[in-house]
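Below: one structure, written as structure tokens.
The letters A, B and C name the chains in turn, as written, and every chain counts its residues from 1.
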């Protein structure tokens, strides 16, 4: 009563049938829901300037008399409805959230892409070179991974100071090791396959073998790791900003907005922290819900 | 009969997404007390599922279909409550599996796994249970039993592990042992030893045994009666000597013919052409007809298991009598 | 076995040395070393004096050795704000953090393990699906947000809306009891009340991981032959799950819990900030924001040491739990 044995595949297909992946993915309602949340967040982030009732960072727009207005109230001059209320500086929460989402997603995406690039290169090189290079690189990766991301980021930012670019550096540094290890793992599996031997026999240059042949086959697991890492990056940036070591006050991300509202929590103006928090949760949970099912769908065992 | 095992019209089907796999589809046989029955068949014949069905160990999506009857010492097992089945397993009917490496839990000690078996069916102290375990190990011929009890499964060799499994099966002196290919995973020499031990133990204690195997040669020297299974049904059933020397069903003949022996040295081994049909798509009529050298049109109708000779049954329109 | 321990100790020592070099390079080269020792508002004369006193004219490797020497004596300079030795401050606040981390470990295991095993045993029950979705939420939601939500609900909203509903404290540590010179708060009722919300917050991430791991392992273990054999022996379901299945699950759970404990202590930084819990994490954040660098350096060294020791303990624990590993290493 065993399953049919899996036949070894001699020639590897470079790309999994995309259509089947999509249809498998759509079977799970939760995953689709997650995807919807993600699309919503991206939409909001991209079109923030167009859909925000007000530009919250232009001081000319702010009327301090409207500060700490509860959700649903109307501005003093009657022009805007503060659907989600205003904060301590009379900024419209909804607009602030849209702009904040923009920054949060931007930092998340860019840092993940950069970490992916660096990590994949390191991982593939290690897998292909093998031997001492591999051991040495992986030792570094292990050490990096054994320390909690938040501490490394904290210490780095305490030395480097505040600023979006510095946050990006910290995030990239904390994340590249995941991709390196994943890429190396996937590449090692590929390396032993016949098509790599065949390519080597054809005297293709190593870089070509690695990037044109091995890389596409590692893509599924890398995509999965990328989605998980993206959620973590966004959460990490939010945490750092909340603690006050992340983005500067002039360009608040969602984490910074939550931090600003912290002091008002106990006095009843909960919306200043609550709504940015919900927005953040929507983005992160959406990515994780979709990413979780993506992992099942892209499982290499299911693809072959 | 009211004593021993009596299986009538046993049907165990697996209800999967791809369809219904009729692993066992109408099996009848009896096992008298103290008798050894060899249940022979290739992979997919349903022999293992038959064994598991007797003990009620079929997991979803499979289940024993209505109309099946398994009577053990007068009690109908298919109607028994789960707690009753649990009490029977390991005490009155015991099972030995094929791969002893996988049947013993690798992170628990051997004594733990034996003592828990004792205490599952008898209210005895730990010391008493340990004593019983030790005696059982001696019975199956394992030296230094006290040391062995404190060891972990992976510290034993394959043959030793299987002896431990046999010892566990014997702890409560069951009336029936179902042995599912117990020697398939072992070396041939060890195989011989285990076969000998099993036969001796059964004779000494009057335990009945169903020995499930794909290897006809193994049961030829061991069993009192042989039942040959194909695609979920019994196709031949009779005393060992009868089945081996005067087989009636073409499949049995094919099996015997494909066993290497002195007569076949230097000659090409006879093979049964073709493959077992998929249990999801069984053909109409006799399941063997596609591979049978003497199939005719009549074989499109399923033959019944007929007693063509006294005590010797076959399911074939053209059984050689 | 001894060989194994010695080998691991040497690896640990190596990691410590490497880390100390990195810390030294990081703090002393990137930042201004003088700022390590005196506050930023000191005058130029004072700076010169300190520069000489700190031997900054000496070659790098000598400075490093001095640093190591000081470190080994527990001397990291004095905190600018508190005036006390930095290391002393850290030691004073460490028990609070450890208490919080332990409590959250207990909660995550006590809740996560049964839920995960249940989800593994009955994967299609509606409760299981809820548990799995909950676990995704558990490790997605940022630590600080959960803390804020808990405060909002349990310390503000529910007590406001429902008369008589107890108001859980949102900050600070409760009354402590002195045990062997260490102040512990979970032994008092007031202490427990203060521990509850922060510990729950901190336990969410790890609890979610445990649920998923327990479920995955349970699903791996249940179809195994030895489970079927255990049933064939007539063992009760309770024994099968409680002993056979659970013992196999405990190995990866214990390993993960051990490794994650370090992460938990690190994440405590956030929880302590949200709840104003007087632990080492809050100390770190305050020190970073107020540029109290001796404390930061001291924290770094302690935390690295803590991690190295923790990894070592987990490795040893693993070999104890899994007899296959233990006996094989004895043979080699």
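The definition used in the following text is that contacts are C-beta pairs under 8 Å (C-beta built on N, C-alpha and C of every residue); 3 or more make two chains touch, one makes a residue touch a chain.
Being a predicted model, the structure only gives us computed values, none of them experimental.
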* Could you work out which chain's C-alpha centre is the most distant one from the centre of chain A? => B
* What chain pair shows the greatest number of contacts? -> A-C
* Chain centre separation (chain A, chain B; CA means) in Å -> 56
* Could you give the separation in Å between the centres of chain B and chain C, each centre being the mean of its C-alpha atoms? => 54
* Structure fact -> Cα centroid separation, chain A vs chain C, in Å, comes to 24
* Touching two or more other chains, which residues of chain A qualify? -> none
* To do: Show which residues of chain A lie in contact with chain C when the two form their complex.
  => 30, 143, 146-148, 150-151, 154-155, 157-159, 231, 235, 238-239, 242-245, 255, 258, 262, 265-266, 268, 270, 273-274, 277, 280-281, 284-285, 287-289, 292
* Structure fact -> Residue set of chain C touching chain B in the complex reads 224-226, 228-236, 239, 243-244, 247-248, 251, 322-324, 327
* Asked: Okay, in this complex, where on chain C does chain A touch?
  -> 15, 18, 26-27, 30-31, 133, 136-137, 139-145, 148-149, 151-152, 155-157, 170, 262-263, 266-267, 269-270, 273-274, 284-285, 288-289, 296, 300, 303, 307, 311
* Contact set on chain B toward chain C in their complex -> 55, 57, 86-91, 94-95, 97, 99, 102-108, 116-117, 120-121, 152, 154-155, 165, 168
